[in-house]
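Chain lettering (A, B, C, D and E) follows the sequence in which the chains are written, and residue indices restart at 1 in each chain.
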């Protein structure tokens, strides 16, 4: 099973991405109102789903596992780090494609909409997580602090979400997102949309695994460095 | 039962091994003095014994607490510490600092004023710690040991910065502590006063080179 | 001409007199050792001689500079300093720190690496200062003296925290400096090694109680 | 437990009383930022009254960053860290005690700022008085969160700049909720849900703190 | 003289490169404050374009407080202060060197913030590009003033909270001039006088610094 995952993950991610691209670009028809621009729907929502839910969910669970004494291991720490790092990339992409989409649709790059604002806040929180990791050298200390920070962030997400939602509904009328809902009823489009979610999720899994393996190799390297350092330290003389 | 027993403990900071495999047993009511050249790991060993550092390899117990687990916090309550650097809150006076410490650990608050008198700080006991001279700051730590009476005394170069009178006072304190059943571990670069009868631990390159009593 | 002559100098911090009237003359190429009990004002006197404190009463000159005027800054360039606390930038390594100091004072940059080798820090010369042990930090200061070769050496308990080898090194350094014409003032609570031939200054309560050579 | 909470709070407040940082430095900073914000939005009284709640809470957030920074710096020097660790205090109590002390400080500065806002930015006195309970709630939430984030940032390199980067995004909901509640009083619209949101945040931070503060002290 | 200026600047930038405070902590903080300000001011785009210059300069001021704090903290511990004093460097050069290093940092963060402002607060790209020279001028003035105030606050107890209280009022003119100049570009009105004001402030701070920095080091 494990072997299967290891072998199949990369090719599957690649294949589904290619399929999404082909379907999205050549097979599905352009939108009546937005034209070819609407094809961003095969990229942007899936990116957002990976960035907000899949990756941050992974990071939170891994951090909780690290903090729970019985399941504490550096594996969990590394998974959390990998997930947040990948999430930062995806959140950046979400903001980017969203802005690109927003410029022709809304006439501006950015509006103070609930979803946009909470995405931006979350993005900064993820940068904070990465900054925190860089500010501590000791692996144990770093793991603990960043795990607590990740959990705090997870607790914050619903709070941010609701505050921003309520805040917006007080100020702004209907959102743009409802207009596009009817896109989904076209058969080939719905399938392509679904496929895009699958493709981005697979890509996420593949990237996290790759990042994890780099971290693992670095840790292995550190371990053997430590062995060498121990030997060097032990041979220090009384001088 | 041994006060502390360490088995092949490694402590690292970044990628540097502060301790490179320490195996050691400390017996109760003995005074130990750790010697070794600069950077040999004396301070690091004391911090390990105090529960202030977590081993990255090896295992051990101190005062019955496992130093690899979260029992380290419990351990810390039972040791006394005197370090190179200034301790306590710099903005508070010795009296205020010791009162806070005594209240949180349940030590005897009434013993504070006599202890500060004893170490010769009666005059300066209401001045913020940061204004005290190097030796005076050390004396505040000595007063804290008198109030706290811990089971395990850990002192990093306690004789440094003290004048002759301070040194006599410290020796007296150590002798009384030892006879009343405490275990003492201190580091030193010089000779100890003759009244201190100590087993010696020699460190080289982050490990124990020799233990002799 | 005298290296330093102080006439009834008072230095205060807040309302507390750190020095309560010091009159003192230091002769060139002599080594002085200041002794006295904790809080007697030894560190304060050294700071005064370094041009780090301004007298609130009295007058004096050090190395020909008037310590009551803005010549104090000029004076500071000509003295060497070793204090209780860590010096230099904690985030930079010994090499980087010494390079910066040498460039700003015009000292010889090429002398830095040999000096660090000499004090036994070849291995640790690229680690940020804050990670060095107590004795290693002192050794960096010793290396700086070797590079700088100041006219007046001011050292606050230089022998503390050094191991035997470090102490020998320091004594050697002091002897060479003295023979090459520098004046040395240091404080100490213990005995000095026999090779150091020093005049003694005894302080009590912020003043000079006795000077003997 | 409660004894220890009070002891810790009392000690933090004693240090504040000794150094008078709040009175002489934080409060003037807050007032000054308020004036600057007033300048930046321009001189129209109506605009100012409309923007006042938002500006008030921004300033409060910045002030709390200063207070948090100060509180966690008290225990920052290496020697102090060691001797506090040696006391082996129960982390939950330390957490609550420090938050209590910070709450007292934030509520004090906050009230002063509220007076400033009323005077400088033309908010009605009625709205300002009515918003006081919300302010107490918001500052309690900020304190609990602040102690946690302060501890996460503390004693890592450059805590002074790391803290704002970590805590500011997390403070956003408190800021929004406080601002909305205040605005509701200015323009009369429902406010219950904002109080509700603040209370949820308060409980969330208190529980996470009690559970996880220990894990942070460990390190 | 110039050699010493460069040496000092280089040393400060080296420490920054070692610790990466600017990249990981100050820049995210600035972006977040911008988002928060956008939130607090409310979502209508038109209001935002008008308020954008003011908000931008407020955020820049807060960011510079962080940078100043960090720069003066480098020399804060007692031992370090002593050994720097012992080098007896020419105070004028130290002043200019530190200001230079700070300028590099502020200009970098400022440009990043400008991009953020353009995207988030609907400023036209043209106005943003045209305001860049003013930004460079304003950040140079802030740096010079910042080093001075940082030095005044440093090594008194609680520098971290004293600094904002001292420096913020002094930054007000720079803030206003920068904001006005930026606004002039947004709504097209004369801007020369603000550039003029900034230049005067720059020269004034530079001269005061060169003259008096020595007096500060003395104490």
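Rule of thumb we're sticking to: contacts are C-beta pairs under 8 Å (C-beta built on N, C-alpha and C of every residue); 3 or more make two chains touch, one makes a residue touch a chain.
For reference, the UniProt names are A, B, C, D, E = Unannotated protein.
Values in this document were obtained by computation on a predicted structure and should not be read as measured data.
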Label-sorted list of chains bordering both subunit B (Unannotated protein) and subunit E (Unannotated protein) is A, C, D
Between A-E and B-D, flag the pair that has more C-beta pairs in contact. B-D
Using C-alpha centres only, name the chain that sits farthest from subunit D (Unannotated protein). C
In whole angstrom, how far does the Cα centroid of subunit C (Unannotated protein) sit from the Cα centroid of subunit E (Unannotated protein)? 38
Whole-Å distance, C-alpha centre of subunit A (Unannotated protein) to that of subunit B (Unannotated protein), is 48
Subunit C (Unannotated protein) to subunit D (Unannotated protein): how many Å between their CA centres? 46
Residue ranges of subunit A (Unannotated protein) touching at least 2 other chains are 121, 124, 127-128, 131, 135, 138, 140, 167, 239
Where does subunit C (Unannotated protein) touch two or more other chains at once, residue-wise? 84, 91, 120, 163, 165
Residues of subunit D (Unannotated protein) whose C-beta touches two or more other chains: 19, 157-158, 162, 165, 168-169, 172, 176, 218
Once bound in the complex, which stretches of subunit D (Unannotated protein) touch subunit B (Unannotated protein)? 4, 7-8, 11, 14-15, 18-19, 74-75, 77-80, 82-83, 85-89, 91, 214, 217-218
Contacts from subunit B (Unannotated protein) onto subunit C (Unannotated protein) in the complex sit at residues 13-14, 16, 36-40, 43, 84, 120, 124, 127, 131-136, 138-139, 157, 160-167, 189-190
Subunit E (Unannotated protein)-touching residues of subunit D (Unannotated protein), taken from the complex the two chains share: 19, 21, 24-26, 28-29, 32-33, 35-37, 39-42, 51, 54-55, 57-58, 61-62, 66, 69-70, 73, 157-158, 160-162, 164-165, 168-169, 172, 175-176, 179
Quick check: in the complex, which residue numbers of subunit B (Unannotated protein) touch subunit D (Unannotated protein)? 47, 50, 52, 70, 72-77, 79-81, 83-92, 96, 100-101, 103-105, 128
Can you check the complex and tell me which residues of subunit A (Unannotated protein) touch subunit B (Unannotated protein)? 69, 137-138, 140, 222, 225-226, 229-230, 233-239
